[in-house]
Amino acid sequence: MKGDTTPPTSGGRETRPPAVSFEDIEKGFFGVPVLKRVRFSAQAGRITGLVGENGAGKSTLMNLLGGNLQPDSGQLRVNGSPYAPRGSGDARAAGIAFVHQELNLFPNLSIAENLFLTEFPRAAGGLPWIDRRKLRDRARHLLDQVDLAHDPDTPVERLPPGERQLLEIARALGAQAHLLLLDEPTTSLSVRECARLFDLMHRLRTRGIAMVYISHALGDVLNHCDDLVILRDGEVVGRGPAAEFTQERLVSLMVGRELNQLYPVRTPPPVPADSRPREPLLDVRGITQPGRVRDISFRLAPGEILGVAGLMGAGRSELARILFGLDPHASGEIRVEGRPLEGGPRRRIREGLAFLTEDRRHEGLCLEASVADNLALVTLGQHARTPVRWLDLPGIGTAVARIRDALQVSTRVTDAQPVRTLSGGNQQKVVLGKWLLSEPRILILDEPTRGIDVGARFEIYQWIHRLADRGSGILVISSEIEELIGLCDRILVMRQGELSGEFPRGEFNREQILAAALHTSTS
Amino acid sequence: MNPAVPVPLRRLSADARAAILLPLVLFLLLAAFTPGFATAGNLGNLVVAGLPLLVLATGQTVVLITGGIDLSVTAVIGLTSVLGALVMSGDAGWLRGSPAATPVALAVMLGTGATVGLLNGSCIAWLRMPAFMVTLTTTLFMGGLAVWLAQRQVHAESIYNLPAAFLLLGNRPGLAAGVAIAAAAATHLLLTRTLLGRWFQAVGYNPRTALISGVPVGGTVVTAYVLSGMMASLTSILITARLETGSPSHGRTLLLDVIGAAVIGGTSLFGGKGTVPGTAAGVLFLALLSNGLNQLNLSDFFITMVKGAVILMAALLDVRRNRWARES
Amino acid sequence: MSANPTPRHPHPSPCRFIAGLVAVLLLLTGCDPSDPSAGKKSPAVPTAAPGGVRTIGVAFETLQTEFWVAGFDKLKSECKARNITMLEAVADGDAARQFDQVKNFIQRGVDGIILVPKDGKTVIPMIRAANAAAIPVVLYNRPADPTDARHTTVAPDNAAITRETVDYLISVAKRTGRKQKAMILLGDLSDVNALGRRDGFEAAVQAAGDAVDVVARVPTDWNQEKALAGVQSAFQAHPDIGLIFTSSDFMFPSIKSVLSSLGKWRKYDQAGHVILGGFDGDATAYQLMTEGYVDATGVQDVYWEAEQAIQAIVDARAGKAVPARIDDRGFAITQENLKQLAPRMWGAKQPLRP
Amino acid sequence: MTRPLPSRWIRRALDQAPVLLVVLVLAGFGRMSDRFLTPDNLTQILLQAAAPVIVATGMTFVLLTAGVDLSVGAVMFVGAAIAGKMALAGYAPTLCLAAMLAVGLAGGGINALLVTRLRLAAFIATLAMLFIGRGLGRWITQTRAMNLPDTFLHWGSANVLGIPGPLWVAGAVVLIAQLILSRTPFGRQVLAFGNHPEAARRAGVRTRPLQAAVYILCGLCAALGGGVALTQLGSVSPRFGEQYEFDAITAAVLGGTSLFGGRGRVFPGTVLGAILLKAIFSGLVILQADPYLYPLITAVIIFVAVLLDSLRTHLLPA
């Protein structure tokens, strides 16, 4: 039997079977074990945090629950009874709902239609018509539960991302789910939206709903989960009440070795502000684009790592896109080493800029193309000889092999493999790699570690340092304030399209940065 | 790797190798069951017949690789043919009798394709109009324009009496083959060995990623359509020279063959994937099929049906092939 | 796969591939199929090794109308009757494909070729190719442009027959005592026959002075639905159209449809009749004429043309002299001469229902 | 400001581009000929648009799922060929039309099978079906034309309550399609699927039956449209239904349906698109335009429509 180490549950629910339990689940692909006798459970009315590096087996677990995969051996139980789903329909019938990292909403439909896409209330009389009034009423009822005050007929395309996430949860509630699996739900949310989400999760907990929360944001996991399960290489390496864990312990369990710190130390300490060269690498003066950003001015010195904090929609990504020439700006000036910066991305890459976007899958990679082709894409021009821009294929091969080795992209990956098949961390390394090959002098990183596990994060931070040490200027946009504090020499804060604060290293203060981002009435 | 695959084939990519198997199998079948098929004369005919399609499908492959489609190629063939004939025809040409007639006509013909391609590409790249609709509209327009021009200028549906220098391309199959194969080979090298070729692929895989990675997406797309237009012009030159006539109806029925050949050759309709050798195999396959069906003396409607069925089988095979590739 | 080192270049070696391809193709094309060395100078009649005719290649441009099908079927039955194998090919309006088909026939050593050319010009190189192989060529129903390539044409004069037909229609119109508004349904504007019929129509109208006034010239691309829409629209503009000429009989059903809905589908001897004329002489036209709705149609003698075409090849093979042009004199069949000429109308001999 | 924001009404005008374009074309031809804007002629245009509207309605469903059906014309032809054969063999016209619908069902079913079960790209699968259908139809008819009994024509020109029969049929099809799209779970799921197929699958939409239903619906509409055309033409020629695939796609796109799925409406969009095409043809005939200019003028008007649509969706800020 199990239950030996299940954490004490709250308020007299000891007799109830767990909402879901994994009993010695094993699963392998082509003879490679991915899950090894996994055994844990999630209780009703509690939030169970599931953490682990990418590739630890979390998604496989989710796929088993969703019925997309079947275990090789072991038993799944839902509310104590055996559960062997064969498809997403079975999962829904068992009261299991998923809230994915990538939103599964349809912007061309209304809120109400999204909520009841497969469960439309039918009109009386046997006709297949939708009962619009009933639909609206039910939708409004669900929206109330997640605190969304929109008209149910509003098209979803008008909602900001944070509210869409809440809508996904409302959809799960509408399906009468008693077990909610939240897979990285906060990746595209602002701080305030995250707060709203956690608030909702806490309320759902009191209604007896079981939640499994998957995230790489360890701080959130520790703060909001009741129980934790840590996976490494397909094995449960730790579980218990959240109170028993610290961030350090979590990390070491996940990685399997002691990580002294989450952020690497910069070996030559950052250049002090007063001894910086006169000429900034990047000089941004009064950039304004109506509706996006207003009067943004700052300088980036060689070797400096400059962070940009702010809420979702504060204009950070918009600023990055303007800097890289993807979007126009109405007024203001951008100079690189004193020369005005003009033209589209192509010209700016030639000026030494590089831009790692927040949307890896749609803007960072050609998913169907090979690893090698993706890595080579930016720097192809350097290997092209005029007059017909003939490519030096061996040269490209050498460069690709070099950067691939340097980035330690998983050895199981071949150059000819489509990038689509790689894990998130390896994909991000490929994006970084293609920019590293261009040896950028100014590197703009928009959410560089979103959805990336701890180990890969550390490597990415190391590369950022290495580039800075070589004299490149680096602009890091991140929603994780801790990350900026750990990584940057200086942090700018944006709010509603304007700069609302600047913090040099040494004056970093989480609360103050947050306050600057949040726009309290005092300012 | 499969040891049964002959050595020369191993040098090809997996896709192209699979594509080349289709015509090979068909060839063996036809050779075994159709008397008079595997004679040098018939195979020569077959190759000559396939040349225009080879050139046209090569151009289409480039556009398909960028994730687009060019339906206007058939209309370009007709328009090019009429314009070229209007320049050089001994009956009604603007330059009739002049020694410059042939070179000027060739330039005008290639220019016509390039211009239509430029128009298509600009609408698609800069005005963001869907390729399917843009090229469908240009087909309608250019097709109509070709008929109208012929009628207006010479009061006939087609134009005869082209200069002997131009007709060399039609009279000497070796020359036509040389030109067509050179065009296909050049495109192959362009796709695999040059920067532009990689840009075509990147744009086809993901235009947004390509843009951010410094690929001039708009220009690349326009170039693809210009190239496709010029290949259509070259096709028109080959057909016009062979039939010794400039006519707006040349090539009208080629569209489905062109796309069929590319798809049979492993080109994806969703962009990114496609090779010239694969397309050449697709062309060879269709040429074999059409020749073989002729030899079998089937009636017209059976030929049409068999063609449909074969395209279906090729597409099915392609799906299977991709599934195998994914699993291995 | 994993045992092998990762190939650095996933692309094939292009040079080798292309070199191979070129070699194969040059080898194949080296033997020029249209080698113009055979039989250089000879009279207008194809010279050929005398002897029997075993195989004839028949290449049609299209089979899309009743008229072509009738001719095709007649050729088939005629061949069968004479114990000749008939190889068939249809080019679907593509001259290049037709050239391939003709070359295919030559390659297979047919004793003669009967061609419905796409047009009068593209056919010339095809005739030359057959000349070079000393195979007699007969152009069926469509003439080639003037050329020194040797062949025989069995064809009607589209313009002349149309002229005769439309002249009759105009004479009927004159009898009404009013100036009639007329319309013509044009065929595919890149089809020689369609243009010939248009020219015949225009010439007749021109000659008639102001007896009729052409108010609509509608292109149909040989498409019944376009014909339908065109006639409808024309009647909107001119509800009093009194004369319609269709470039092919197969569009009569479209005209019938519109006239019925307008209440103008009347027999020729009834009041409010719209004067109708067509071309081909097919079964539909025959039926409509016997019923009295259609006034006249230009008839070409399909069966006679088919017989002549095959006879020409047999004669040429036998070494007899064959004229360069065999005219199907055709005729306009009208309500006045329907009885006596019906036996010569192919549509009358053919059951309407397939 | 580098790019002035368009005023609100320009945007609104662009949103109504299909309507505006139809109005403009009608008004333009109306100005040039007083014969054009008569009730009679407008009825004629509607009548001519009836069959294309029905076929394009089915096509709209397929386009909404980001698919395409190039086989509609061929399905029409096979259906008409069989119906024609039956009619000439003396079967009742109702039975013939029922057989035609059955052909549509079968054609749509095969397409559905190819796309959903065998996972072929819709473009290539339906392209192959276009060839097979055309060949089959020619074989059935032996490429001979068939003139149908007059009953068909009577149906085509019959008036019910003063409105011609074909308009009733087209109206009913449009109404039902519009209701299906806007009022039924299936319709909303079609839109969801077209927007994001994978998400629809994850949300529990049974995507394969949905996709299959869409192709079957399209085949059915093609057959029904073919039936209406049959009663209007009264005969089957070997070119019956040719070009319908392109006309149907064009009509849908002119009406604002996206080729990439998830966006589009049967009414007014597709209906207006089909009417626009017929109105252009009718206007050109009435104006006695040079026959050679027809394709040129038609192409220009379609081009403008597509351009307006892309301006609306891509080039203007939301």
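A, B, C and D are the chain letters, set down in written order, and residue numbers restart from 1 in every chain.
As a convention for this text, a residue touches a chain if its C-beta (ideal position, glycine included) is under 8 Å from a C-beta of that chain, and two chains touch if they have at least 3 such contacts.
Everything quoted here is computed from the prediction, not taken from an experiment.
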Most distant chain from chain D, judged by the mean position of its C-alpha atoms: A
Pair of chains joined by more contacts [C-beta pairs], A-D or B-C: B-C
Centre-of-Cα separation between chain C and chain B, whole angstrom: 29
Centre-of-Cα separation between chain B and chain A, whole angstrom: 45
Averaged-CA centre spacing for the pair chain C and chain A, given as whole angstrom: 69
In chain A, residues with contacts to at least two other chains: 393
Set of chain D residues in contact with two or more other chains: 138, 143, 292, 294
Shared-contact residues (touching 2 or more other chains) in chain B: 147, 151, 193, 299-300, 303
Contact footprint of chain A on chain B as seen in their complex: 190, 193-199, 201-202, 205-206, 208-216, 272-273
Of chain C, residues touching chain B in the complex: 1, 4, 10-14, 16-18, 20-22, 25-26, 28-34, 63, 87-90, 92-97, 99-101, 103-104, 107-108, 118-122, 124-125, 145, 189-192, 195
Complex interface listing, chain D residues touching chain B: 114, 118-121, 123-125, 127-139, 143, 246, 249-250, 253, 258-260, 292-296, 298-300, 302-303, 306-307, 309-311, 313-315
In the complex with chain A, residue positions of chain D that touch it: 1-3, 179, 183-186, 188-189, 191-192, 195-196, 199-206, 262-263
Residues of chain A touching chain B in the complex: 324, 326, 344-346, 349-350, 355, 357, 362-369, 373, 376-378, 380-381, 384, 388-391, 393, 434
